Every structure is written in structure tokens, then in C-alpha cells.
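Pasting the structures here.
Both complexes below contain subunit A, partnered by subunit B and then by subunit C.
And now, the complex of A and B:
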């Protein structure tokens, strides 16, 4: 029986706490008597036979939706869209959930005699996946069957001939999505719901949309009114996507949604100490920690990055639901909450976030300073339900090396954003007003997005907006162990050690502040009462 | 002079004490052996006595030369068996009756693991260069299973034992034909040790053999079985027998269909020469038998699944799935036609498999534009 999440009150007998620091980790002592550490629930039991569970879900859908075989017929146009490289994190060991589900859908399509099948990677404005990444996500069998025939596509949000405009929502939001998906007799969307924000109407309304459509919810106003992204009832991002999703359904696009959930078994056996409570570390765990930290200290950042990027997570499928979008998403969200929610009493003056090596936008890539900001203030800060973990005007301490380094192929517009925009201003509103359109319509970025493996020109703006709520909420952001120049460029304060950072934070929150460390990963959501 | 001695008669040589008087010969007569009185003396023969060349006689002579005394006799030695008493039949210890229990004891298992990991697997890698696919279909299983594969060559079992995931590989036994692998003691011991082979009856239905195998499955061992019952004669498969399916239904263990391609080119039936080549092993989705299922129906399902895997290997997964759904998967047993047409069709199938685009072809890393 897995143990639920847990909040540890730090006292003098508490051992040092593992704190992530990019491609590495440290053991940090937190001040006793006023610090606490939030630990994630232990991984839920996986499904005994995921393939059977997938088939069962397809045959017994939720909501007002017939079983999948009844929606399939010979001569139809079937499109299967699936999540891109940003999920799950870290990438899971084979077979990926997407492969299991797509094979299950195709089995039924084959039985129904469906010939016209196209697979689309729903990458929105993310970078195109490489062949190896696609093979990992959907499996060699599916890849070899579709890619050589040109029926495995990646969504192109800048292809005028590949998009169709469906209209405006009652809030004036344009809805423009992938033409093949919209004009199919059936669109099957295959999700991996790593966090509560994933899935639902967001899958199609975001994953298969164009910039013209996305800008209506990927903006500062929406992000600031999403409190948090993980709480659907209080997320404007969620509401906007729901409006668009309903318009898509009303336009006659028939969507069969399939959502899968994972447990938070994040690290392989040899690194399992990373998700164990420190006082339960065995001698082997301690030896592994020492060997790993000593070894990493002797490696170059590039080698350390490739070591960490090669980690494949042993995530297992804990649930699969299929059918009507909203009914499916309700069931999925309940299951995600069951794995990730931790009850936390009250807010804190200072939140400490150890940032790992990975966020959704640097898989097989570099976590550049903009992504550090997005991971800390966009994601970890938003891992709450109810109220933010840190109080209004409080301090967030991030721990990450924050190197002045960018992946030139994946993040070309990030480089210009960092060099050109941030020196001028870090205010999200000002950035949105002054610079967004130029980057979004830049022909070179557009070309790289469509033909190479580059994120869209506007993507670094969205990363900055992602942290807009935290920037507005927090009194100060301190980054421990980061490149001081890069940290200052972000508008934050650099600190050498956690002790220094805590000392610096007292300038903002006063003496003897309360401190809370979110021991993440594994992923969790603080349910702050 | 003795009264009986006639003038001119030849005096017989004095006989050694204890010598035997020749039969039918009067004492003292010197009639040559086998010669009738008054007949012509035959030509002289070489003085070779064939009786003196028997092993017993040679041994006796050798002992005499060496001065070694004959061994002790009964009761110091075992008694001889009276010629008039019939000997009781010997307890059979080969074939179905060969006891393989010893091959599953810990020291033997440990020795087998060492041989398997240090010798057999590297050798198979060098000889057969296996490419494995479909392992992702069985990653979620951690219980004992039945691997049911097509059978082309003696290389099939070592090949599979080298690519089956470790959680099953070292706790696995192989169903071996009692009349082939267990007909001599040397073969029986060799195969029991190297493959953990267990004899099964393939000529007739044997409850004992099935019970023995089922007991091992229940004890937590996994089984590798070739339901065709023997190697392919001409490269095409043979109809599946129901043994593997019966065991699945009886024990409730999942049956994993496996397709092997390429071993016949390396070591075909009747050949003793190894020709290094490449092989492809494809694992299929497990079939879960339920109590009360019809073993023959399950056997047909396993056969279809293996045929679909073969189709997947020859074409691609989606084509294979569509043909399986439409019940048009090419049969593993090939066309019902004359020998040359079967061989012709087999060559065509192999060339289709070779034409299949390489996984890491020239376009690796590049994306096909729509």
C-alpha cells in the first residue's frame, strides 16, 4: 500500500534534505523549528495489464459516447493525434502509453476495415520531434507502418493550407486547428496526463491549433488569472480551452478522447534514492549519492547533461479513460489528484524549489535561463491547489546552475529574447506589448519551426508569461548557485548558498521566516488550506 | 611290449594330465580331426584357432603372460547369471523416463547460467546477430509464461534463450522431443544441462508428460515450446499441436506467441554446417487462456498470432493487423501446392522481407515531408 504525501516539520534531528540543482543535487540543512518539507505520495500501483485496460476503455467509453468500434467504418477518414515530446517527464521507459493506446485504436480500426488513417503529433508551437523521439513515443511498429507512407505527420501551426478556421468563441477567441484533424470523420486524441493541467479540451484546442488561436490563452492576462494551472476550477487557461473545445465540437469535429495517467515512479532503480525520504536511505543509497555527486563534480556540464537526459523513467500506467472529452477528463483529473495531492496547512514566507535538469521544453536539450524561470515560477510555483504555497509578497528560492547556455537548434528565438528583450525589460505586460508580434511573425523563426527542430519564435514569450502570476505574487526571487550574470539578466538575485539566500530573503519577509521546501520531483501538488 | 600293440602302429603321444579326449575318437587312435578313415588328407591350413582370438581368451593369455591371477570368483565377485534363468527387463531410464530433476537444482542452474551467459549468448550473437522486436508487449508481465514459437532449426532454442528477458531466461525449461533429445544418455544429459530440456511425448498423447510439464509451470518455471512438434521440413511452418495451448488452459499461464526468422539459413534441418547470418525474433502480445477454454481453439489462435507476427516481419505492423482483422493473414504453412511451388513461394516471401526498409536507413534522423 503506497504511503500518502507527507509534510515533515524540520527539527534538530532532521537530516539534511536532498535539493535538486540542475544536473545534480545537494544535501541542504534547513533551519529547525520553522522549516518544513513536502514529500510526494508514493507511486500508486500500476495496472496489471495495461493493454487489456486500454481495450476495455475503448469498448466502454465514458460520457455520451458510443464504444470506439461503433464509430469506425470502412471508407472513413480517421486521424489519431497524440501528445508530443514534452510528456511525460522524464521520458518513460518503453513502451510509452501513447504506443499502447495507438496500437489498441489501430487494432480496432483494422478490424473495421479503415484504410485512411493519419497520425499527427500534436506539438502546437513546440519543436518537431526527431525520428528517434517519435519511435520512442509511438513504438517502432507504428512508426515503420506509417512514416514511410507519409501518413505520420507533425502538426504545422504555420501551414496555411493545413489549417482550418472554425470561428470565434463567445469571448471573441479565434479557433483555428489542423485541417486534416478537423475534416476527419473521427479524431482520436491520445493523451498522457502527467499533471492535472494536461488533457481535456486543451489537447485539441492547444495541441492542434495555430498561433492565431493560441495567442488567446497563451498571454499574460490568462496566465495571471490561472490560479493555478493545476486547479481547473480556477484556471483561466482551462476555461479558455474549454470554450474553444466546445466550439470545435459544435463545428462538427467528432473527438474521441483517450487519457492515460501515470504513477510518480520517476527514477530507475539505481537512482531510486532520489525519491526516497532521506532518513530511510540505506547504506547503498548513501553510497550511490556520494558516488554520483563526486562523479558529477568531475564531469563536464555537457557530459552531465547527456547522462541526465538519458534517464528513462519507470512510470507505469495507473489508469486509462476514453470517450467524451469532459467526462474523460473529470475521471482522469481525479486519478491524477489521487497520485499527486498533498495536504498542506497554510502558506509559507519562503518557498525553496530545487530545480531538476528537465522541464517540458528541454527534453534532449539544454535548460537555458528562460526555461529555469519557467520551471521555477511557471511550473513548481503553480503546483498548488487552493492558495499558492508561498504567501503574497513572499520569496521563492530556486536552486539551479542557470548556465548562460542555449541549444541553437531547439531554441533560436530564446537566444534573441535573452539578448534583446530581457536587458530592456522583464515586465511581462511590456514584453507582450512591445516584442511578441515581431518574434511571432519573424520569417526566419517560422522557417526553423517548420523545417528544423526549433520551437516557434513566440515560444520564449510564452515561457515568460508562464511565470507571470508568480512574478506578480512574489516579493523576490533568489537563485542559488546560478551564473550571476544570467540570474541578474532574468531580474532575480543570485546567491552562492542556500544559507546566503535565506539570509537575503529576510530583507523581504523579515526575521525568522517560515520556510517550505517542495521535495520535487517526484511531481506533487500542494493542496494548501 | 604291450600285448595290444601291433607291429607298425604309431604310438600315440602321451597326453597331458587333464587334457580332454577328442569326441568320437578311440583312445590311442591318431585319426586326423574331421577326416574320414581312408579319405585323402586335406591341404594343410594355417594354424589359427579363432576361439583363441575371443576377448576372453586373449585376456586369459595376457594375464598369463603378465603373471596376473584371475579375479576372485563368487562370492568374492558377483555371481554369474544362470543361462537357464531369464533376465528381468531393465528399468527404462531414457526417453520419457529420463529424470531431469537434477538439472533444476541450484548448482546445476548456476553452472547453466555461467555457460549461457559466458558462452552461449556471445556465440549466438556472433552466429545469428538477432534483432529483437515486440519485447514491449510483454514488459508488464512478471509471472511464469509459455513461449510458443515456430520451429525451423536446432538454433531456435539457443537463440530464444539468449534473447528472452532475464526475468524468465534463467528460470525456464524447454520442451524437448523424448524420442529425439532423450534417446541416448549422452544426449539426454547434455540437453537437460544446457537447455534445461524436459522430455515430452510428441508421437502420442501422454498424460504423464503433460502433467510433469504443468507441474513445473505451476512451480514458477516458464516454458519454451515449439507447438509445431518438430523442425520445418521445407522452410514453411507446420500445423500447431494443442500441447502448448492445453498447458496454458490447464495452468492459466499466458501464452506468448513468438516468431523466429532466419535460423534456417544458418542451420537447416539435415545440415551440420553453420553459416553465420542474421535472425529476427518477434514477440507477440500475450494470450491469456481462461479456465474452460478449448485448447484446440487456443492453439489455432496461437498459430494465427505467430502467422501475424511473420506477416508483420514481412510487411509492416499496420498491414499485418489489417490482414489479421480481415482473416487474410498469409498462412505459416505455405500454399497447398507441389514442392517446387512451395519453395518458390518461400523465396518470394523472403525477398519481400529483405526489401523492407531498414529501420536506420539513409533517411535516419530526417523527417519525411508530407
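And now, the complex of A and C:
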């Protein structure tokens, strides 16, 4: 029976706490008597037979939806869309959930005599996946059956002939999505729900949408009114996607949603100390920690990045639900919450977030300074339900090397955003008003997004907006161990050590502040009462 | 400044270690010498008040000038061609330093001088003066880094009342900037014209100010500046964006809508690039961001440089040198000095004079000027107003 999440009150006997720091980690002591550490629940038990569970879900759908075989017929146009490289984190060991589900769907389609099947990677404005990444996600058998015939596609949000405009929601939001998906007799969406924000109507309304459509919810106003992204009842991002999803359904697009959940078994056995509570570390864990940190200290950043990016997570499937979108998502969300929610009593003056090497947008890539901001203030800050973990006017301390480094192929517009936009302003509203449209319509970025492996020109803006709620809420942001020049460019304060950062934070929150360290990963959501 | 091969070699060696070291180790020395005598009718004594230190002066002092100039100077000479001073006739004047046919007493003048283009003079070694392309490089005239020089009345421009000496000393370098700014072809009516100014020392900043005032056809002006104070000044003088050198290509791409190929080269670029540095690196950088059919204007004095000119050939880029000043066809034939005075006044360029030194601190002054950008300064000048021997 896995243990639930846990909040540790730090006292004099508490050992040093493992704090992530990019491609590495540190052991940090927190002040006793006023510090606490939030630990994630232990991994839920995986499904005994995931393939059987997938078949069962397809045959016994949730909500007002017939079993999948009843929706399949010879001569139909079937489109299977699936989540892209941003999920899960880290990428999971084979077979990926997407492979299991797609193979299950294809078996039924073949039995029904369906031969017009197209697979679409629902990447929205993310970068196109490489062949190796696609093979990892959907499996070699599926890849080899579709890719050579041109029926394995990657959504192109900038292809006018590949999009269809479905209309406006009652809030005036344009809905424009992938034409093949919209005009199919059935659209099957294959999702991985790593966090509560994923899935539901967001799968199609975001994953298969155009910039014209996405800008209605990927903007500063929506982000500031999503409190948090992980709490559907209080997320404007969620509400906007739901309005769009309902319009998509009303337009006649038939969606069969399949959502899978994972446990938070994040690291392979040789790195399992990373998800153990420090006072339970064995002698082997301590030795592994020492060997790892000393080894990393002797490697180049490039090699360290390569080592960490090669980690494949032993995540296991804990659930699979299929059928009508909203019914499926309700069941999925309940399961995600069961894995990730941790009861936390009250807010804190200072939140400490150790940032790992990875966020959704730098798989096989570099965690550039903009992604550091997004990971810290967009994701970790928003891992709450109820109230933010840190109080209004409080301080967020991020720990990350924050190198002045960018992946030139994946993040070309990020470099320009960092060079042109941030020196002028870090105010999300001003950034959105002054710069977004030019970046979003830049022909070169558009070309690279469509033909190379580049994120869309507007993507760094979305990363910045992702942290807009935190920027408005916090009194100060301090980054420990970052490149000072890069940290200042972000508008934050650099600190050499956590001790220095805590001292600096007292200027904002006063003496003897309360401190809370979110011990993430593994992923968790603080349910703040 | 003496003709001493050994001292020039020493200056070159020392400046390789630290720019500006040639001031102490090289051919420059402070000496009591007889003031120059007017060499003919029309000449008079001018007592300098302020005299600037220019990039070409630094190159000479550090032993890094091109040998191109060897026949065009005469030793020993007193440097200093950016001068505001008191003329013997009682006027406060700035000096237009080119030593052309008419001040040399050559009659008839050479064809360019006949046409008023004295900066193209073909007789810089003739007439009643020893060789010297400008005051400050001629053994007969003296130069601004002294208590007295001689100048022809055709070289003198009266400073308006109410002007500070600091503003007046900026007229000569600004005239160079004006000449360069007007050298590039104009943009078409209603068309976007992106210009880039590489370098944000005195010449670069004055060029930005000149473009801002005299080139309304320039719709976007990118400045390349290394140092924080340079960036601040470039912005206040009219640059629409200021970038660091390694950001230039991407910045030009953003504004021009160009693409970047795999090797980093742009498919398009800026219509006009003003290189106010004059190094091989800056010229190569300028060529790399110039659009096909565009123009690179060289304002900074180059020497021996090694650059790949394939792009210039393939894109039909014009590489245009600009030197000194004269009547400006693009401004209705008005003289660069008159236009420069307007620019100095409108842009408040006297603020670019960051530090002044007495002559006996010439070593410090040269070192400061050589490290001006890094030390938050722009124009460093000698202040002769308080010299006891004046």
C-alpha cells in the first residue's frame, strides 16, 4: 500500500534535503522550527495488464458514447491523434502508453475493415518530433506501418489548407483545428495525463489548433485567471478549452477520447534515491548520491545534459478511460489527484523549488533561461489547489544553473525573445501588446516550425505568460546558482547559495519567515487549505 | 610626434598588450618647441582651447596606422585635428583640418578642389606646406595638442556665441559622421529603410545623431554597442534598437524579415550599414548583415584587414569609403561642417565629451581614450584653457 504525501516539519534532527539543481542536485539544510518539506505520495500500484485494460476501456466507454467497435466501419475516415514529446516527463520506458493504446485502437479498426487511417501527432505550436522520438512514443510497428505511406502526420498549425474554421464560442473565441481530424468520421484522441491540466477538451482544442485559435486562451489574462492550471474548477485555461471543445462537438466532430494515467515512479532503480525521503536513505543511496554528484562535478554541462536526457522513466500505467470527453476526463482527473495531491496546511512566506533538468519543452534539448522561468513560475508555482503555496507578496527561490544557453534548432525565437524583448521589459502585458504578433507571424520562425524541429515563433511568449500569475503574486524571485547575467535578464535576483537566498528574501518577507520546500520531482500538487 | 622606427615599433608592441600604451612607449612626447609661423598670406595663429583625441590619432600613437599615410604626413608633427580655439583675429573657431590645394597656395587647384571637394584633394604633398593630409599630421602647421598652431582662414569656422567649447569640439567628428550618413543612397518614398550603425564610440554615436536628424528616409536604425553607457546614449540619440555585437545578425533578421541559413548567414539584411569601427571583424560583420544591393559605408579608418568578399560579390553590395567632409549633394550642397553644427546643437552632443586632461597627463589621456567605451566614456580631449604657458 503506497504511502500518501507527507509534510515534514523541519527540526534539528532533520537531515539535509535533496534539492534539484538542473543536471544535478544538492543537499540543503533548512532552518529548523520554521521550515517544512512536502513529499509526493508514493507511486500507486500499476495496472496488472495494461493492454487488457486498454481493450476493456475501448469496449466499455464512459459517458454517452458507444463502444469503439460500434463507431468503426469499412470505408470510414479514421484519425488517431496523440500527445507529443512534451509528455510524459521524463519520457517513459518502452512501451509508451501511446503505443499500447494506438495498437489497441488499430486492432479494432482492422477488425472492422477500416483502411483510411491517419495518425496525427497533436503538437499544437510545439516542435515536430524526430523519427526516433516518434518511434519511441508509438512503437516501431505502428511507425513502420504508417510513416512510409505518409499517413503518420505531425499537426501543422500554419498550414492554411490543413486547417478548418469551425466558428466562435459564445465568448468570441475562434475555433480552428486540423482539417483531417475535423472532417474524419471519427477522431480518436490518445492522451497521457501526467498532470491534472492535461487532457479533456484541451487535447483537441489545443493540441490540434492553430495560432488563431490558441491565442484566445494562451494569453496573459487567461493565465492570470487560472488559479491554478491544476484545478479545473478555477482555471480559465480549462474553461476556455471546454467552451471550444463543446463547439467542436457541436460542429459535428465526433471525438472518442482515451486518457491514460501514470504513477509517479519517476526514476530508474539506479537513481531511486531521488524519490526517497532523505531519512530513509540506505547506505547504498548515500553512496549513489555521492558517486553521482562527484561524477557530475567532473563532467561538462553538455555531457551532464546528455546523461540526464537519456533517463527513461519507469512510469507505469495506473488507469485508462475512454469514451465521451468530459466523462473520461472526470475519471482521469480523480485518478491524477489520487496520485499527486498532498494536504498542506496554510501558505508560506518563502517557497523553495529545486528545478530539475527537464520541463515539457526541453526534452532532448536545453533548459534555457526562459524555460527556467516557465518551469519555476509556470509549473512548480502552479502545482497547487486552493491557494498558492506561497503567500501573496512572498518569495519564490528557484535552484537551477540557468545557463545563457539555447538550443538553436529547437528554440530559435527564444533567443530573439531573450535578446530583444526581455532587455526592454519583463511585464507580460507589455510583452504581449508590443511584441507577440510580430514574433507569431515571422516568416522565418514559421518556416522553421513547419519544416524543421523548432517551436513556433510565439512559443517563448506563452512560456512567459505561463508565469504571469506568479509574477503578479510574488514579491520577489531569487535563483540560486544561476548565471547572474541570465538571471538578471529574467528580472530576478541571483544568489550563490540557498543560505544567501534566504537572507536576501528577508528583505521582502521580514525576519524569521516560514519556508516550504516542494520536493519535486516526483510531481505532486499541494492542496493548500 | 617623431619619425622613429624604433619608437613606432615599441608603441606597436606595447599597444598589443594594452591599447593606448603607445602614448608612453611610442613616438609621442611632450616637448617645448617653437610655435609654428604662418607659412603665407591668409594664415594665422590659433590657440587651442579643447582638442579631441580621435581614433586615427590613437592608431598613430599606438603604431598601428597603415603605411598608406607615410607619404601624406611630415615629421615631426603635433597631433590633434579636432580643435576649438582662439584665432588671432579674435574669433573663437573650430578648424576644418584638411590641407587642400587652396590653403597650400596651389593655383590652379586640382579638379576636386576646384569642384569644392577638398577631401578628394590630389595635392596633399604640394604647395608651400610640407606633406600632410590634415592639420595635426603636418610639420608646418602644428596641431591641436599644443598651445598654438597655424591655420588658413579657409579652415576656420566661427563658433556661435553661447556655444560651449565642448559642443564646438564635437563639430569636426560630427562632420565626418554627417558626411558618412549622407553617403548612402536614399530610400524610396514610403519604403522601409533599415540602417545599422556598427560601433558606438564618438563616430558611431555622432552618426546615429546625424542619421536621426538628416535621414528621415531611415525608418529603423539599429545600433551595435558593446558597453552600457554606449547603449544608453545610442538609444537617446535616436537608435530604434541597440544590440550587442553577437546579437546583430539576429536583430537584423528580426527587423528585415530575413531568414538565417544553416551557416548563420542572412538571406536579406539592412539596406545600409555604417561601419564606425574599421576593423576586419566589423567590416565582415557589416557585409554579413547587408541586404543584396545594399551599401556598406566605411566611416571608421580601416587598415590591413582580411575578409571574405564573396558575399559582396554575390550580393552586389557597394563598399563605400567616406573621408572627412565637404559640400553634401544629398543636402543641397550644404557643407558638412554647417550640418554638423546643427546636429551637435539638436542632439546635445557636447555631452559626449566625457573627460579632459592637461597636456602633461598625455599618457593617461591616451589610455583613457583607448579604453573609453569600457570606462563609460566617449570623447576624451585635452583641455588647454588652463595651461600656464598659454
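Just so we're on the same page, the second predicted complex is superposed on the first by the 529 of 529 C-alpha atoms of A that agree within 3 Å, B and C clash if a C-alpha of one lies under 4 Å from a C-alpha of the other, contacts with A are read in each partner's own complex, and residues count from 1 in each chain.
We take it that contacts are C-beta pairs under 8 Å (C-beta built on N, C-alpha and C of every residue); 3 or more make two chains touch, one makes a residue touch a chain.
Keep in mind that this is a model prediction, so the values were computed, not measured.
Asker: Quick check on the subunit A-based superposition: subunit B and subunit C, clash or fit?
Answerer: Partners fit side by side after overlay.
Asker: Could you look at A:386 and tell me whether it touches subunit B, subunit C, both or neither (first, second, both, neither)?
Answerer: A:386: touches no partner chain.
Asker: Should A:49 be classified as contacting the first partner (subunit B), the second (subunit C), both, or neither?
Answerer: first
Asker: Which partner does A:106 reach: the first (subunit B), the second (subunit C), both, or neither?
Answerer: Touch status of A:106: first partner only.
Asker: Is A:314 touching anything from subunit B or subunit C once the two structures are fitted on A? First, second, both or neither.
Answerer: The answer is neither, since A:314 touches no partner chain.
Asker: With the two complexes superposed on chain A, say which partner A:416 touches: subunit B (first), subunit C (second), both, or neither.
Answerer: second
Asker: Have a look at where A:444 lands relative to subunit B and subunit C in the superposition and call it first, second, both or neither.
Answerer: A:444 contacts subunit C only, not subunit B.
Asker: Who wins on subunit A residues touched, subunit B or subunit C?
Answerer: The partner that reaches more residues of subunit A in the superposed model: B.
Asker: Which partner chains sit in contact with A:95 here, subunit B, subunit C, both or neither? Use first/second/both/neither.
Answerer: First partner only, subunit B.
Asker: Roughly how many degrees, to the nearest 10, is the angle at subunit A when you join its Cα centre to the Cα centres of subunit B and subunit C?
Answerer: 120
Asker: Nearest approach of subunit B to subunit C by C-alpha atoms in the superposition, in Å, rounded to an integer.
Answerer: Minimum C-alpha separation, subunit B to subunit C, in the superposed model is 16 Å.
Asker: Of all residues in subunit A, which touch subunit C in the complex?
Answerer: Residue positions touching the partner: 412, 415-416, 419-420, 438, 442-444, 447.
Asker: For the complex, which residues does subunit A have touching subunit B?
Answerer: 46-51, 93-95, 99, 103, 106-107, 110-113, 115, 117, 128, 130-132, 139-142, 144-148, 150, 152-154, 316
Asker: Would you pull the subunit C residues touching subunit A in the complex into a rising list?
Answerer: 241, 243, 247, 250-251, 253-254, 257-260
Asker: Spell out the residues on subunit B that touch subunit A in their complex, using ranges where they run on.
Answerer: Spelled out, the residues of subunit B in touch with subunit A are 133-134, 136-137, 139-140, 285, 288, 312, 316-319, 321-322, 324-326, 357, 359, 364-370.
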